[in-house]
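Have a look at this one before I ask anything.
So that you can tell them apart, the chains are marked A, B, C and D in the order they are listed, and the count of residues begins at 1 in each.
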Amino acid sequence: MKTFKLKTLALAAALPAALVAGPAIAHDHAAKAAPAMPAATYAPITEAEVLAAQQAWGNALVAIATEYDTKGFAAAKKLAEQVVDGAYGYQMGPVLFKPTLAAAPQTFRTDREGAIAYFVGGNDRYKGDTGFAIKGWRAFEIDNAGILLKGNSATSMGNVTVIDAKGNRTTVDKTWGYVRGPDGKLRIVLHHSSLPYKAG
Amino acid sequence: MKTFKLKTLALAAALPAALVAGPAIAHDHAAKAAPAMPAATYAPITEAEVLAAQQAWGNALVAIATEYDTKGFAAAKKLAEQVVDGAYGYQMGPVLFKPTLAAAPQTFRTDREGAIAYFVGGNDRYKGDTGFAIKGWRAFEIDNAGILLKGNSATSMGNVTVIDAKGNRTTVDKTWGYVRGPDGKLRIVLHHSSLPYKAG
Amino acid sequence: MKTFKLKTLALAAALPAALVAGPAIAHDHAAKAAPAMPAATYAPITEAEVLAAQQAWGNALVAIATEYDTKGFAAAKKLAEQVVDGAYGYQMGPVLFKPTLAAAPQTFRTDREGAIAYFVGGNDRYKGDTGFAIKGWRAFEIDNAGILLKGNSATSMGNVTVIDAKGNRTTVDKTWGYVRGPDGKLRIVLHHSSLPYKAG
Amino acid sequence: MKTFKLKTLALAAALPAALVAGPAIAHDHAAKAAPAMPAATYAPITEAEVLAAQQAWGNALVAIATEYDTKGFAAAKKLAEQVVDGAYGYQMGPVLFKPTLAAAPQTFRTDREGAIAYFVGGNDRYKGDTGFAIKGWRAFEIDNAGILLKGNSATSMGNVTVIDAKGNRTTVDKTWGYVRGPDGKLRIVLHHSSLPYKAG
């Protein structure tokens, strides 16, 4: 983001220097970076934010898997709840989430419970879910085919590869859509993941 | 905004295929109104929200004036602070505010302190401010020339008339710009008010 | 969209009645519906527009298939080009398109040529494409799991079922993302389609 | 905005995995700047675009004044029409325009005719308009108090000073609001200009 310099120093000087405790998106005579303050909810989403959110998702997946392997199901579930609340937008309304391995009639997980069930399983209402996030993942790679920035939302599409402790790799086709949450941080409100198509 | 809970997939499955027919921002098979939940920060701003925010501004002005006349400066200032925090977006970053009667070098009040000083005066750093909101206002009228809805922001322009206890009327030309705050409610981030031009 | 009535008829009368030749999104004292004019490019996307765009996509698929069966490849390809140009946003930049049956290294069709190849095949650079749109489709059904409206963009997720002349049904999990084109009409800029997951 | 052409999928495949590193709105493996293509209508508005649009407005004002002084009213009016069509959004719907010197009942110029009348006068339906743009302006200065970027719209507020051939300076308080036009270029859809307040 470029900022701009003013001409009228008199006016700038008249304003208290610390007043613009604002996000990078809004500039002012006496603008100073205020790194502690999150972006305003209306600030346009940047590519850097999308890339950071993708990394956060991958790190969270590995963290849940590691938690499960070292501390067990309860700890992993608790972490998964925190991840879902922090990374997804279920607290803002429904989320469009089609997990890789979910099937009808529970293909789409538009509510929080369905997302957590998918990640860690152990929910009688989602008997098909064995817990995707607790399959021993230790690393990930993200290869974007493209990212679209649309102002107050953004979308990415590409391949995500998750890697377990033995080095086994699973690659999926993945779309993520983001908006800003009330705290200025990105939240996933769209997630479509699918196994690659194999001809015949 | 209406949000929803997906109660059961069974219900969803029982609905006809052509179902996504409701209003509002996020829809789902089993959509139910959830009136306690504020609009998602990404929900498009509606005209009804803009009109409600305008009425809230007018009501707040009358409330501050009445508080001053009945309870004095300290109470009026406290109320003004609440109004500024609730109706404007200073906590999201700078606000573009050109009050009717503000003059250089303090024409633009991009920070919270400058806005409060304009409304109630009594701030040594804004000696020209005598307190616009404490001038005995008892009623108001808003006559929009137009409203533009732009998705995550909206703008209105028109005349606002404030009326004191004696029936004296003051009409200004006013532009307001809105975004959603972190709580889903509209916040003013643009306010340009000016006295009508009178030819020579 | 609700419009609003004004108080001050004097001002309204002073404005020429036909002045607001505008889209439904912007209102004015003398506002009249101007049905011929498309929505302003900044007008918030409505659910009705999303549903209409979905129907248009399904109708186009059937039209291409019918064109192929009745007039042959050249006619079908020409129609597919028109459909891609009218329904997708390739002329606005890249589109994130993961077709149902596309595989690596050509999974993602971010350019126009890749989309047309997928729909009708016959392109040596996309040898895996046999033409999804020319498989005899005669009807379709769309069952949305949810639609998110985000101001200047919108996203839908759900099932789309395509039906051939013999009544054979193919259901896929589908995400579509829309923005407005320069003509005010919706364009698909995101399309992730996948076969339903079947547990081993 | 930079857009791109996907030249070959081979090139895309040859790129390293961590590639989505470019600037701008839409990224892709083989992203290349395509300077001839305008920004997608959904591309977030940047500060640089706002500053450029402000300069274009000032240059246009000087151009109209100069055209009037050297070629007369008809030429100036023709240029003003081009300027209004190129810089404002009247072709997208109503514009919220409160010119500096316009008075009731014609304070707000929500249609094209009212804007042109204000700039060059000579319109019997706007008898108060003497042509603001034909007053001998030769230079201008813009001093922003702040710019807010909101994704698909942006707003600026500050002082604009216009300077005539004799060096006389007129400073106004000015708010401009922008959206993208169908061609990807910014258009003014909000313009509130007022003479500075002078305390009695």
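FYI, contacts are C-beta pairs under 8 Å (C-beta built on N, C-alpha and C of every residue); 3 or more make two chains touch, one makes a residue touch a chain.
From a predicted model like this one, the values you see are computed outputs, not experimental measurements.
Undergrad: Could you pull out the chain whose C-alpha mean position is farthest off from that of chain B?
TA: Relative to chain B, the chain with the farthest C-alpha centre is C.
Undergrad: How many angstrom between the C-alpha centroids of chain B and chain A?
TA: Taking the mean C-alpha position of each chain, the two centres sit 31 Å apart.
Undergrad: Please work out the Cα centroid separation of chain A and chain D, and write it as a whole number of Å.
TA: Roughly 36 Å, centre to centre.
Undergrad: At least two other chains touched by the same residue of chain B: list those residues.
TA: Touching at least two other chains: 12, 25-26, 28, 42, 93-94, 104, 108, 110, 145-146, 148, 150-153, 159, 179, 189.
Undergrad: Which word fits the touch map of the chains here: line, ring, star, complete or other?
TA: Contact pattern: complete, every chain touching every other.
Undergrad: For chain D, which residues are in contact with chain A within the complex?
TA: Chain D residues touching chain A: 17, 19-20, 22-23, 25-29, 42-48, 51, 141, 143-152, 159.
Undergrad: Using the touch rule from the top, collect the residues of chain C that touch chain D in their complex.
TA: Per the stated touch rule, the residues are 10-11, 14-16, 19-23, 25-28, 31, 37, 40-42, 89, 92-94, 105-106, 110-111, 114, 125, 151-153, 179-184, 189.
Undergrad: Of all residues in chain B, which touch chain D in the complex?
TA: Interface residues on the chain B side: 93-94, 96, 98, 100-104, 107-108, 110, 128, 145-146, 148, 150-153, 155-159, 173, 175, 177, 179, 189-190, 192, 194-199.
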